[in-house]
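The same chain A turns up in both complexes below, where it pairs with chain B and then with chain C.
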Partner chain A sequence: MVNNIEMDVESNMEQQVSGAAPEPAQQPQEAAVIRARSRGSSGAEGGGDGGVGGNGSGPEQNGQPPTARPPHVVETDEDEDEELTLKYGAKHVIMLFVPVTLCMVVVVATIKSVSFYTQNDGQRLIYTPFPEDTDTVGQRALNSILNATIMITVIIVMTLVLVLLYKYRCYRVIQGWLFLSSLLLLFFFSYIYLKEVFKTYNVAIDYFTLAIMIWNFGVVGMMCIHWKGPLRLQQAYLIMISALMALVFIKYLPEWTAWLILAVISVYDLLAVLCPKGPLRILVETAQERNEPIFPALIYSSTMVWLVNMADTDRPKRNSTEVPQQEPQEAVASPAPSGMLQDDGGFTPSWVNQQEHQLGTLQTTEDTRREIQQLPSDRPPVDDDDDEERGVKLGLGDFIFYSMLVGKASAAASGDWNTTLACFVAILIGLCLTLLLLAIFKKALPALPISIFFGLVFYFATDNLVRPFMDKLALHQFYI
Partner chain B sequence: MNLERLPNEEKLCLCRKYYLAGFALLPFLWLVNVVWFFREAFVKPAYTEQSQIKTYVKRSGMGLLFWVAVLTTWITIFQHFRAEWGAMGDYLSFTIPLGIP
Partner chain C sequence: MTASVFFGCTFIAFGPAIALFLFTIAREPLRVIFLIAGAFFWLVSLLLSSLVWFISVQISNKESAAQQKGLLIFGVVLCVLLQETFLGASTRTENTVSGLGFGFMSGAFSVVNILADSVGPGTVGIHGDSQHYFLSSAFMTMAIILLHMFWGVVFFDACEKQRWWAVGAVVASHLVVSCLTFQNPEYVNSLVPTYVILLLMGVWAFYSAGGSLRNLKLCLTCKDKDFLLANHRPR
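Here is the complex of A and B:
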């Protein structure tokens, strides 16, 4: 688990006086258990220290009380972590199901009702220049492969740029970029969305009312996401902007390109997160070294966790008054994850992957696609926050691609609801499995590969096998 | 953002900022202010800053009601008289419904 790694970092670097405070009561009981246990990488060092501290308790502990204690703390926390992780597992899954489902529902509902998003206007993103309405199948395949390649290259380049910017501490640039992209999403795309919805329902709206609506929606959204706002509202806004982005993708990516991109993105996600040289992994490790939160504005967090900062033992237990003041310093965007991320020696690392599109016929509008790893934010309850719920975080990019898959399935498939539902179930199953792996491996994992793989398999299988079968059955009134 | 964890001065500050920002033609912000701070202002046992938070919530509520009234009136007028206004109506319209005179 990420926090285990951080615990090691902290116990190496600093002394967790405050962290040790809640543990003393449990230490006597756990001490025997701790000595007997041996755990993985994080446990090895703690186990060694704990073992030595336990057996030769005299010299080791007397000599260096602070350093001997953290391993115990680490181990007890790990104990609690292991148990509590498993205990909270199902709850976390449900906490993520709801927003993912909501996002998909919004996208599918829009696709079904507003025809704008399924019309082929001939517009394309400049990153997918090859048309798909070609004469031969071979040509179409080739074009879609080329499109996907270009797109992936752009994504890789943007990720590398981001990692470089982060490495060289150009935080202002990154924040400005994030700010502009959320501005674009909240104002411009919602304007288009509203326009199309009103057109579909044949409602007359005047400029004044429209202006008021867009202005309110946008400003409150910016405040909730980048500053302080109620958690539920922030979650709702994140869901809405993910849905908007997914709709843009569904509209502007041609068929085969879209499926190919989904597949390739999953593979890339897997590689970028898990390979030692992957850009996202480098990003995380850099952030870990610096003990900083990463781009909290682009993560969906299911609960607000507000823990005490354990990294800095010079000052005493930090109460929550300091957190808001920290925010301007770090220029951290959103409060919910930043409250989380600033604690415990910094952070739960998260990834951001960004991309800019230029919409073909429109001027200088920019999209950003973000992709963040899903990570555990489970932390041992500390100090006076024992009643704090742990939240799980999922990146907005994951929302976007899940919704894009389901939306494309509902838009394109001839089987309509069968296929859509099958893809929906597949993605949720993939999410469950990913969370299960998260509980087992306890480190940040890519959330895309499993779900997208299942989703794609289910889509093509349902569309080509199940649907004709069900149609035949219905035709012959044969019930099974 | 969990209000529970904030100290009272911070809550007051936040409420005040939301209230003031709502004057920039943002009734939605006032709505958020009212809903979010309602429990703080009226349900929680009294604390020093609560009376001020109460005033802000009340004023946000009044501002919200004012806006709701204005918008409802305007929208009703517009929807009712749009066809009769002819050219002016079209000029004001963002989307024009099809098939209805």
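Here is the complex of A and C:
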């Protein structure tokens, strides 16, 4: 099972980079962080090569008629097919479990040790202007509903703006936006983070050293994310910026607002992805029509190494001439199924060479590709390699919201670790189920709803029901 | 207190389980997923039993300590029964790894808060309680985790071979272990029998998983051809 997570980018908040001299009293505004929503679209067998036939990044490979078969899976035996599918499916699930777990661990570790992120400084984001320290519960509930409404409206508006920009091909604007937002995250937010960590551990450090550290961190991060870099480093950076973003949310969103926003965002994600007129769906379809990858630099990808090589070799069809510098990182960003981020149908260079050797020069038309795919399995056992290379991608927005949920749970739940653990397991199971649904339905699915739903249920249930029970048990040292 | 107690107790409690995880589960993605699913099922069973307990506490007399303790015991028994039900359900669909998942989650829930507290400053038992609270908790947790895993193996095997008496024995031993803990803090009375049961269950699980003295000998002297072949890594 090849998992194909589509990314949909949605702008979270706009950062007025120039003007926003953050007044001490007022919270510095959020970066124009593009919150990438992830959507699962099953690559599966047929999915594998979105790029086949020149479909650069069709997440669902819709550019490809269903008759096209992926190059790597030529399983004639049903059982073998199923078993391999299960095995590779499990591998892809684990490839997502690990980064999600790491991100959550970073967030929880920070929340538990650095008190800055749990302090209420009285500052709020401009998107959540209503305070929650009101006199009555009713007032607080009302304020949180209003806050959540404003936030969701902002998000919807941003998404629509993004879709419009994309539709009218204002790629430069989008790129600049993304660039600025990652700049902000990598420099400004990481500076704040580092400062608070040093404060917590009482480390005396001079500004020069700090400047050098932040400069290096930021520049390498920009390079890795927007250009080329070692895969692991890029993954690490993506995890770090997701964690930073989640920490910012945890600090500046008041409690009830945060839970409400999580719930509403999941519903919105569901609607935006599955409804025919949903903005995210429109975005995806537009991208498919144009045979382009959607947005660079904000998807976590689990395999990319060979694509860096691919960037140098002769690539068959290069569609996105409008944004040439996107090329290398299209590898990163293209939501094309699995690791295959370009329209080469998941053919590794070695495989391509081999095929060329066997069959003569490959032409890159749809027909010839289909023909080749339908050839009997005379293929060398590149299958394993192909599947290894054929990673899985998840949008950073999902990382951010998962970590935000777990972080909020560890910050808020009276210091109880059980609640954190419960939310953690719930989110992982939700992710697992989402990927399973992906394999079954083989169409674009949102990755937030199930996990967030489980997470919320388990948070409230564990905090209110299980915690008193376990506390009593621990008191008497009863074991269950 | 502090770091040495924290690390000591953590390794006591989770050492064997983590070793098991690293050697048998970590390499197989599917097993990891089953592990997490097992943890999830345990969590659900705990949730349901907590719900019942919570409701019963709300409608009971909050002043009477005896009644509260009685309700707690009832909660424990119910929890054990629910856990076994879910273990049955999960071993049907998955395999024996879910037992370890149960164990991990159960151990974690029992001991993580205690470990977190052990890092900070404080004196154990300053008000006259037992001074071995942390240590005994850690040992008990280790036993529980391993027991859950053995129960999972035996349960799975018993369900496969339709040996319902074995299923009953597993449930009964779980109840016995939980009820033994009611005697805490008389640790001798609770820990020693628990470890005896652990040993017995371990032996039972070993045999039902297909082990034998011969296998054991071969394995220990590194002459087990099947094992060597299965773990042979091509250069």
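Keep this in mind: the second predicted complex is superposed on the first by the 312 of 480 C-alpha atoms of A that agree within 3 Å, B and C clash if a C-alpha of one lies under 4 Å from a C-alpha of the other, contacts with A are read in each partner's own complex, and residues count from 1 in each chain.
We take it that a contact is a pair of C-beta atoms (placed from the backbone, for glycine too) under 8 Å apart; a residue touches a chain by one contact, two chains touch by 3 or more.
Predicted model only: the values in this text are computed from it and were never measured.
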{"item": "First, second, both or neither for A:Ile156, with chain B first and chain C second", "value": "neither"}
{"item": "Which of chain B and chain C A:Ala412 touches, first, second, both or neither", "value": "neither"}
{"item": "First, second, both or neither for A:Ile429, with chain B first and chain C second", "value": "second"}
{"item": "Touched partner set for A:Ala474, first chain B, second chain C, both or neither", "value": "second"}
{"item": "Contacts of A:Ala461 with chain B and chain C, given as first, second, both or neither", "value": "second"}
{"item": "Which of chain B and chain C A:Leu183 touches, first, second, both or neither", "value": "neither"}
{"item": "Contacts of A:Ile145 with chain B and chain C, given as first, second, both or neither", "value": "neither"}
{"item": "Which of chain B and chain C A:Val220 touches, first, second, both or neither", "value": "first"}
{"item": "Contact residues of chain A, present in both the chain B and the chain C interface", "value": "none"}
{"item": "Residue ranges of chain A touching chain C (in the complex, touch as defined)", "value": "86-87, 90-91, 93-94, 97, 415-418, 421-422, 425-426, 428-429, 432, 458, 461-462, 464-466, 468-470, 472-474, 476-480"}
{"item": "Chain A-touching residues of chain C, taken from the complex the two chains share", "value": "28-30, 32-33, 36-37, 39-40, 43, 46-47, 49-51, 53-54, 57, 68-69, 72-73, 75-76, 79-80, 83, 105-106, 108-110, 112-114, 116, 133, 136-137, 140-141, 144, 177-178, 181-182, 184-185"}
{"item": "Footprint of chain A on chain B - complex, ascending", "value": "1-2, 5-7, 10, 14, 21, 24-29, 32, 35-36, 71, 74-75, 78-79, 82, 92-100"}
{"item": "Chain B contact footprint on chain A (complex, rising order)", "value": "195, 198-199, 202-210, 212, 215-217, 219-220, 223, 228-231, 233-234, 304, 306, 319-321, 324, 335-336, 339"}
